[in-house]
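Look at the two complexes coming up: subunit A is in both, with subunit B in one and subunit C in the other.
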Partner chain A sequence: MSLTRRNFLAWAGLSAVGAVSCAIPRKEQELAIESPVRLPEDLVEGLDNWYATLCRQCPCAEGVLVRVMEGRAKKVQGNPVYPVNQGKQSVRCDGGLQALYHPHRLAGPMQRSGPRGSGQFQAISWDAALAALGQQLAANGSGMVLATEPLRAHLGLIAGRFAQAFGGKHLGFETLDQVTLRAALESVYQQPLLPDFDLAQANYLLSFGADFLSTWLSPTRYGQAYGQFRHGEGRKERGIHVQVEPRFSMTAANADRWIPIGPGWEGHLALSMAQVIISEGLQAPGVNINAITGGKGAAALEPFRPEAVAGKIGLPEGLLEGHSAADVIKELARDFAKHRPSLAVGGGSAGAHSNGLFNLKAIYALNYLVGSVGTAGGVKFNAGLPLNELPSNASVGSLADWKKVAADINSGATKLLMVHQADLAYGLPASVGMVQAFQREGLFIASFSTFLDETSAQADLILPDRVYLEDWGSDVPDPAPGYPVLGVQQPVVNPLSDYDPRSFGDVLLAVAQQQGKAANLPWATLRDALRESSDKLFALRRGSIRAGSADEFWRTMLQRGGWWDESAGIRNVAAPSAPAGLLAQIAGEAAAPVFSGPEAESFHLLPFSHNSLLDGRNSHLPWAQGAPDPVTTVTWQTWVELNEHKAKEMGLREGDVVKVESAAGSISGLTYLNPALPPDVVGIPLGQGRRHGSEYASGRLPEESSNVMDLLDGAQVQGSGGLAWAAARVRVTATGTSRRVSKFEGTSMAREIGETPGERIIHITSPSNSGGH
Partner chain B sequence: MATERIDHKWGMVIDVDRCTGCQACVVACQAENNVPMNTPDRFLERRAYEWIRIERYWEGEFPKVKARFIPILCQHCGNAPCEPVCPVYATYHNDQGLNVQVYNRCVGTRYCINNCPYQVRFFNWWEPQWPNTLQNQLNPDVTVRSRGIMEKCTFCIQRLRRAELALERQEGGRINDQNLAERNLAPACVAACPTSALMFGDQNDPNSKIRPYFEDANTHSERERKTRGYRLLEEMGTGANVIYLKKVEQYPLKQGESHG
Partner chain C sequence: MKLGRNMVPLALVGLGTSLILLVVVVVVGIAWYSNPPFGLGDAPPQPIAFPHTVHAGAPEQGGQGIQCEFCHRNVTKGAAATVPAVEQCLFCHQQVTGTTETARVEIAKVKASFENNTPIQWERVHRVPDHVRFVHEAHIRFFTEGETPETQLPVSQVCSVCHGDVAGMTVVAPKPGQSLKMGTCLDCHRQNNIPTDCTVCHQ
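Take a look at the complex of A and B:
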C-alpha cells in the first residue's frame, strides 16, 4: 500500500482505535521513539570521550570536562572532582565551543597592510611572522611591554621570564581591576593570596557590593556554596543573605534583604556596625576588643555612631518603615553579630570609589569582631602551591601602570608592545590615552589574539593563539579553595584544517630560543614546562594523586584535570590575629567618596560586568550575547537602567535612546525601566560597543551598542591606585529616537506564562514552614 | 545484554529558593540540544528558543522590591494538555513519564503550543541555520529540527538513552542519581546548575533524592505537604513530572535567636 495522504489519515484513525481497545502494556515490544535519528534497541551509539581541562571564558578558570566525538568538541560540563567548581559550570563555560568553531576566527598570521587601525591585513607565513617578531625583539626588546590577561601558573611564569630576558616588563590587564580588593585584603588579613570565603557554612552573609553570584571573583564556586548555604544537606537553618549595594545586581536580587546604600558609603556603614557591636558587647567570645581598637573600645569609632552616620549614607526613606536610619544600622549590626557564623564580604562598586580602599578595609575588618577569620563559615586562607616558581596570583597592572605604559610609548622608551588577550584599546578609560599612544611613529604592536578586537585591529602583526580547547595550559586558582590546587589544561581537539594557530606559550618559548634569551626558559614547549612540574609534584608524594611512576602521575593528572592537596589546607595557614589598633587605624582613614562630572541633575554611574559577556571578552559569542541578563532580560544590546518612576518623570519610555554624558565623554544606550534601581543611579553593563572583529559583536548601531568605559575619566582609588570605576556622575538626556529592546521578558503571551501574576507561579513560604526540605 | 527494559519514571525537582537566575542552565541546554541560535531578531519577534528559561517576576517597588527567578521548562505532564490535540500523534506520553515529541510525525499544526499552559513549546518558523564552522559543535545524538516542526525540552532523552544502554543493557546495573551524574548523563541543565536548584531522578527509584517530593506531592494537598513542593499551575490538573519547591521568605527574622 502506498502511503498517500488519504491512506495515512485512515491509518492514523485506525491506530487510534487500536490504541484505545488494546490498552494492554506490551513494554518489551514497544519502540522507544524520540526522534528520527534514533533507531530501535539495537542501535550502536557513537563513542564519545570526556576530557578534563580548564575553561578560560572567565578569569576563575573552572575545571571542565569536554565531550569529544569524532574529533569534534560537543559539550562542556563542570569537572566534578575539580575543587574550585565541583562539577558545576557558569553561563559562560559552553561558549568555549563557539570560540573554537567560530566563523570569525583568524585563520593564521597576518601583517598590517593598510594604515594603523584600518583593520586591513594580509596573510603571511608563520616563518615570516616569527622572523618579524624576532627582529623587533632584537631591536626593541628593551623597554618592551608584554600585556596579557592576568596570568597565573606556567604561562605567568613564562611571560614574566620572557619579558625579563628581553629587558621589558610583563603586565596583566583587568578592565575592572581587583587591585584595591587585593590591597584591602592584604592589609586587613596580612595574607598575600586571596582568601576563600566559606559561604556554605555561614549562617549570615553580608555582602557589600560583591556580585558574587554573577561575576565577582569565582562565581560558580560561590554559587555552589550558596546552594549549600540555603538548603545544604545536614544544615539546620537556611542561611540569611543581606546585600548592601547601590545597584540592584543579580546578587542583590537573590538576597533576603537588599539595602540600597548611597554609592561610596559602604565603609561608613561597616564601621557604624562595628561601633554598635562593640558598644553593645555583641562581639564573638574571645575577641580582644582592646587590641583591635588600640585600647579605646567603642570610643575609637565614636564618629561612626549610627546617629552620626545615618544621615550621610543615603538609606532611602521607604526602607525604614517608620524607623530611623540609625535603627536600621543597629538592627543590621545585631543580626550580623547574633547569627554566627557570619561573614562579611565586599567588592565591586564598594571598592571602586575614591575611598574604595577604606570601604573594603572597614568591611573585611568586621569579620574579626564576629570571630569569622580563619574559621568555618568565615574567611579561610590559602597557602599557595608547593612549587614556588609558579606564580599563585597574577601581577596585575594598576591604572598608574597603564598610564606609564602610554607615556613610555609616547616618549619612545617603549617601541614594542606585545598583547595577548588584553584589549587595552577597548578596556582602558579613554583618558589613559592608549589609543592615541598607538599612533606613535615607530611603535610596533604584535598581537596574539585569536579574534580581531579593538587592540589587535591596531596591530602591525597578528600571531593568532590557539583556543584553549586546543592548547596546553595550567592554573593556580586565585582565590584557591582553601588548599593548593594546580589545574591542568590539555588540548582536547586539534584545530580545524582551515585554521593555523600557534600556542602563545610555545611561540614565546620559540622566539626566546631563536634570540638566544632562553637561559631561564629551558622548555621547548609549554607542555614540557607542565610535565616538569608534574614530575616535581610526583616527587613530593602527597595530595590527590597516588602514582607508582612519574608517567602514571602525569596521566592521572591529565585525567582528573589537575592536582590538589586538601590535607595542606587551613591547617598550614595560621589564622591571622587582628593587627593591633586595626579599627582605629581604619577609622582614621575614613573619607567621603569624591565624584567627578556634573553635580546638578545628574546620576551616579554604576557600570557593571555583564553576566555572560563580562568585560566584553565574550562579546563575539552568540550564546553569550543571547543569554538574557538575569535582572533585565536584555540581550545583544547596551541598555541604560533607570529607576522606573524617575524615567517616567523625565518622559522616558523603554527603548528610548538616551545620551549619557560624563566629564570624560558620552555614549548612547536604550532606556530600560527598572523598578528596583535607586532614583539617583544609572546602571550600564560593560561588554558591547565594539567597532572591530566578529560581526556578532561589532557592526551594530552605536545607539544600541556602546562601551561604558568611554564614560570613565580614569579617577583612581586613593591608596591602591586601582581604577575608581564607580566614581563618575553623568547626565542622561533623551535623544528623541527610540528602538525596540531585544529582551526576553514578554509583553505578550509568547514566552512567559502570560499575564499570570508572579504569585501564582512562585509560591512563597516562611522558614518555619520549610522544614528540613 | 539484557532485553527487558527497566521501568523508569523520570522527574525533576526545582528548588526556587536556590535558583539565582544565573542562566547557566539555559546555555547548557542550548549547547546540548542543537537549539537554534537566538539572534537579536528572535528576541524582537518574541520568538527566542529557550527550552529551559528563567522567568523573572518583579514584586513591589523601590526600595522594598524583589525580583524572583524561576526556571521553566516542559513539565512532562502526566495528563498533558498538548497530547490529545495533536492530530498525528507527534506528541505522546512514553512509558517513562516523558512527554515526547516525534519530529518526523509533526506536521506543524501548532495545536499543542496553543494548548500548553506553560508556554514551553517552540515552533520552527525558519530553517535553523548555523555558520559552517559552528556546525562542528552540533550534538550528533540530537536531531536538528527543520522548519515547520515543533520542538521542546526532552529531559535530554538522548542522555537517558545512553544511560540505559551503558548502565542497564551493557553493564546490567540500574540508573540512579549517582551514576547519572558520574557518567555525565544527567540532563544538561541539571548538570550545569551551580546551586543544585535543579535535581533529576527516577521516581521509581526508592533512593532517588527527588522521590520524597513526589510522594509528598502525590499524596497530600499543597496545604498539608511536609515539603515545600508544589506543581506549577497545579489547579489545572496537568499532573506535572516537575515539582517546584517554594521560595522561602526569611524576613522578619526571628528575634533573639543565636546560632553561636
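Take a look at the complex of A and C:
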C-alpha cells in the first residue's frame, strides 16, 4: 500500500488509539504510597511552606518570608513585596533562627532565688508568675515604669495604655538614641514623622556621619536605594556621594569622597556651605533667601565664611592636596548646589556631640537651599499613619528621662520597674546610676526578656517572651517609605516543647484584665487587636489589598506581610516652606563642641553601632558574633581602631591590648591599625562585654570583649536631652600584652598576578599598542 | 450498499477518528468522575487489611480512639499528612498480635515487613494533581484555631471535612460525593472567605 496522505492519517489514528489503550491499565507509581520501615527522626517530605512575617533583629523590622518545614523554621529571607526592604534583608535577619533555637533561651517563668544581680533564679508556674506581677501592680502600679525597646504599632499602643491604666509611664529605650535626630528634623521640617530620604533619585548625596549603609535608621532600604543612586536604570549619570565623618565607616568606604572632619564641627561646615551657596547665588530657582535668612541674606552667615571656619573644623592637610581648607569648603558647596537634585543627611556621631542638635539642624537646613525638600531626590515626607491610634514611635526616652527614672527609684516614687528588651543596666552610662538604683530596697523588677541580660539578671521575676517567629506583632515603619505601611508579624512556628514562653503583649492584656484595668485594652490577645485594625483598614477600601470581605482582607494581609497605601503618599506629600529666618536662627545657636575627659595626649572617642551586634542586642547570637565587620573584618572581639601611624608612634601593633580610659571609666580592647582614621580619633564598636546571659556573649576575656558604654559619662546634647555619646575624650595606653585579632582580612598574603616567573596571564592590549590587531 | 474502492481508506480514517474521540471521552470521563484520577476503584484493595474502625474508631464502638495525627504525624506540621512507618505500627503490635485469625495474619504481614526491611506499598486513595500545592498543616490550623465554633474543631473532625468518616471505614474510600477536585476546593474557600487567586493553590 502506497503511503498516501489518507493512509498516513489512518495509520496515525490507529497508532494513537493503540498507544492510549495500552497506557490506561498501566499502574502509575504515583498511585502508590509507601510506609517506610524505620521511623525517621524527622520526616522530611521535601515540601516547604513560606510565611510572611516581620524580622525583629533590628529596629527597622524588615518584612521577611520564613521557610518552614515540618513545623520548623529553616530560613529567613526578604519579603519581595514589603515596601521597606523589597525582598532584601540585612545580616541581622539571618540570625533570627539562632534566637529561635538558642540553647540559652529562658524556658519559662522564674523568680529570683539569690541576692539581686546574682543571676540565680528558680522556675515557677505561669499562674504564680502572673499572680506575683498582678500583686505588684495592685500595690505599686502608680509610679510604675514600663521600659521597652522603642515600640511601634499595636505593642506600642498596648504598652502605652497599660502604663497609663496603672498610673505609670511607658518609656522606649535606645542605646544610641535618635532623640536629637527627631528633634532636629521636627524643628527644620515641621513634620512629626521621620521623612523618607529619596537616595535613589538624588544626583548628589552629602552625608554627615550617617552610616546609612550599615546601621543608621533603615539601612536595607537605603542600601537598595543606593544601588539605584549609583547605577539605576534610566539614570543619566552615576550619583556622587560625599561622606563627612571623622571615622571611616562602612558608608564612608563606599563614598566617592570621604572628608574626615574634626568631631563635632559638622554644623559649622554645613553653615559655611550655606554661606557659599547664598553669597554666590547658587541656590535652586524659587528659593526665597530673604525668608530663610530673616532678610539678612549671606550676612546672616557671615561668621561662617569658609575662611572663618576653615581653621576650626579640622580638615587634615593630606586631604587638601595643595588647596586651602576654605577652597575645599567652597568646592563642596558648589558641587552640592550644582548637581541637583542633591540631598544632605546627617546623623550618627554628628548628632551625638554637645552641639549635636545644632549640627543636625544646620545639615538638614541645607536641603532648603537646593530645593530638595518635599521633592524627588530629596527629603520626602510621610503622609501619615495607617491608623491614627497606632504610634510609629511610642514615647522614646531621652537620657534626661532615664536619669529621672533612676531618681524616682531612689526617692521611692517608682517601686515597680517592668522591662522588655530594654537593657538599661548594660546600655546606659554608669553615671545615670541605674544599676545602683536597682539595689534600692522595695524596688520590684519584672523582666520579659527571652534571654538573660544585664537587666533581667537584676530582676525579681522573669516572664520570658516568645521569639518573634512564634508571636504576633505589627509595625508601622519609622521612617516609612513615603506612604503609610502596617507590617504584620504572625507566628510561623510553635515554641519547641522544652520552652514555655508567653507573648509579652498577651501577658500585658491578661494582667490588665485580671486587675480590672482593661477599659482601654478591650482585647483578649494581641492577635485580637491586630484583627480589629485589619477590619478598620478593610473599611477604608483603599491600599494594597482588595478583598470582598473582612476575613479575606485579613488573610490576604497575613499572606503578604502587611498593608500599605502608595496612593496616600502621592496624594498627601506637601513641601513645607522653610520657617522664616531658619538659617539665621540656626546660626544663632552655633556652638563649639564640648568634650569631657583628659585633654592632653588623648583621643576623641567615637563609639559606633556594630554592623551585626548593633548595640549588643544580638550579642548572644553566634551568627552575629561571627559575621565580620564590613570594614575591619574583625569577629567576636572588641577592637580599638587607631590611626596606623599614630599607633606606630605609640609603639603599638595589631593585637596589642590597650587600656582606654575616660573620665567615667576604663575598658580594654585589641588594637586594630586603620590607615583611614584621623590620628586624633579612636573608634570602638558597641555590643560586647556582657556580664550576664548567653555564654556566647558573657564570661569572655575583658581584653577581647568590653562594653564601650562604660567609657561614657552621660553628657547630654544641648537642647534635646539626648545622650552625647561622641563627646568623650580618652587616653589609650599599652598594657604590654597582646592577643591575635580574629579577623578575615590579611590572613593570607596578597600578591600580584604575574609576579611569579613562568606564570601565564592574559594580557589585554589596545589596538594602538598591538599594531592594529 | 457496497463501498467503492476509493471509499475504503476514507472509512478507515472515519473509524479511526471516531475511536480516538471515544477513547478521549472515556479517558476524560474516568478522570473527571473518579477519584483518584484514572480511578482504580473507590476503595482500592490494600496490601494489608488495615481497619481504621479498630484503630481510630470510637471506644464505645469497639475502636481504640487513636487520634489521626498520632499515626499521620506530619499532618499538623507539614504539607503531607504522611503514612506511618512500619516501626510505628510495632510500637503496639510487638504486643498486640490480634484476637482473630484474620487479624493475626494481617499483623504478621506488618511484622514481616519490619523484619525483612521491606516497605509497605499502600494504594493511594486520595490524591490531588501535581500542579496543586495542598498543605495539610495550613488547613488544619484554619479549622482548629479560628474565631468561630465552626473553625475551632478538634483535629480529627477537621480531617473528616475532606476525607469523610475514616474512623468508621474498614477499607478507606473517598468521602461520598467529595471529588477533591478544584470545584471542591473553591467551594470551601469561598464558603470560608479564603482567597481564591490561582497562586493560592497552583504553583
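Convention: the second predicted complex is superposed on the first by the 699 of 773 C-alpha atoms of A that agree within 3 Å, B and C clash if a C-alpha of one lies under 4 Å from a C-alpha of the other, contacts with A are read in each partner's own complex, and residues count from 1 in each chain.
Criterion: a residue touches a chain if its C-beta (ideal position, glycine included) is under 8 Å from a C-beta of that chain, and two chains touch if they have at least 3 such contacts.
All figures in this text were calculated on a predicted structure; none of them were measured in a lab.
Chemist: Quick one: is A:K648 in contact with subunit B, with subunit C, with both, or with neither? Answer first, second, both or neither.
Modeler: neither
Chemist: Thinking of the overlay built on chain A, is A:I240 touched by subunit B (first), by subunit C (second), by both, or by neither?
Modeler: first
Chemist: Between subunit B and subunit C, whom does A:S742 touch in the aligned arrangement: first, second, both, or neither?
Modeler: first
Chemist: Now for A:R546: first (subunit B), second (subunit C), both, or neither, which partner does it touch?
Modeler: neither
Chemist: On the A-aligned overlay, A:H323 touches which partner chain: subunit B = first, subunit C = second, or both, or neither?
Modeler: neither
Chemist: Of subunit B and subunit C, which one contacts the greater number of residues in subunit A?
Modeler: Residues of subunit A touched, subunit B against subunit C: more for B.
Chemist: Using the superposition on chain A described above, determine whether A:P678 touches subunit B (first), subunit C (second), both, or neither.
Modeler: Touch status of A:P678: first partner only.
Chemist: Could you pull out which residues of subunit A sit against subunit B in one structure and against subunit C in the other?
Modeler: Shared contact residues on subunit A: 16, 27-28, 30, 32-38, 43, 45, 69-70.
Chemist: Quick one: in the complex, what on subunit A touches subunit C?
Modeler: Within the complex, subunit A contacts subunit C at residues 4, 6-7, 9-10, 13-14, 16-17, 20-21, 24, 27-28, 30-40, 43, 45, 47-49, 69-71, 531, 547-549, 551-552, 555-556, 559.
Chemist: Which of the residues in subunit B come into contact with subunit A in the complex?
Modeler: Against subunit A, the touching part of subunit B is residues 3-5, 7, 15-18, 20-24, 26-28, 30-32, 37-44, 46-48, 50, 53-70, 72, 87-89, 94-95, 98, 100-104, 117-119, 131-143, 154, 157-158, 161-162, 165, 169, 181-182, 184, 188, 191-197, 212-213, 222, 226-230, 232-233, 244-251, 253-254, 256-260.
Chemist: How about subunit C: which of its residues touch subunit A in the complex?
Modeler: These residues of subunit C touch subunit A: 9-10, 12-13, 16-17, 19-20, 23, 27, 36, 38, 40, 73-74, 76-80, 82-89, 113-114, 117-124, 127, 130, 133, 135, 137-138, 147, 192-195.
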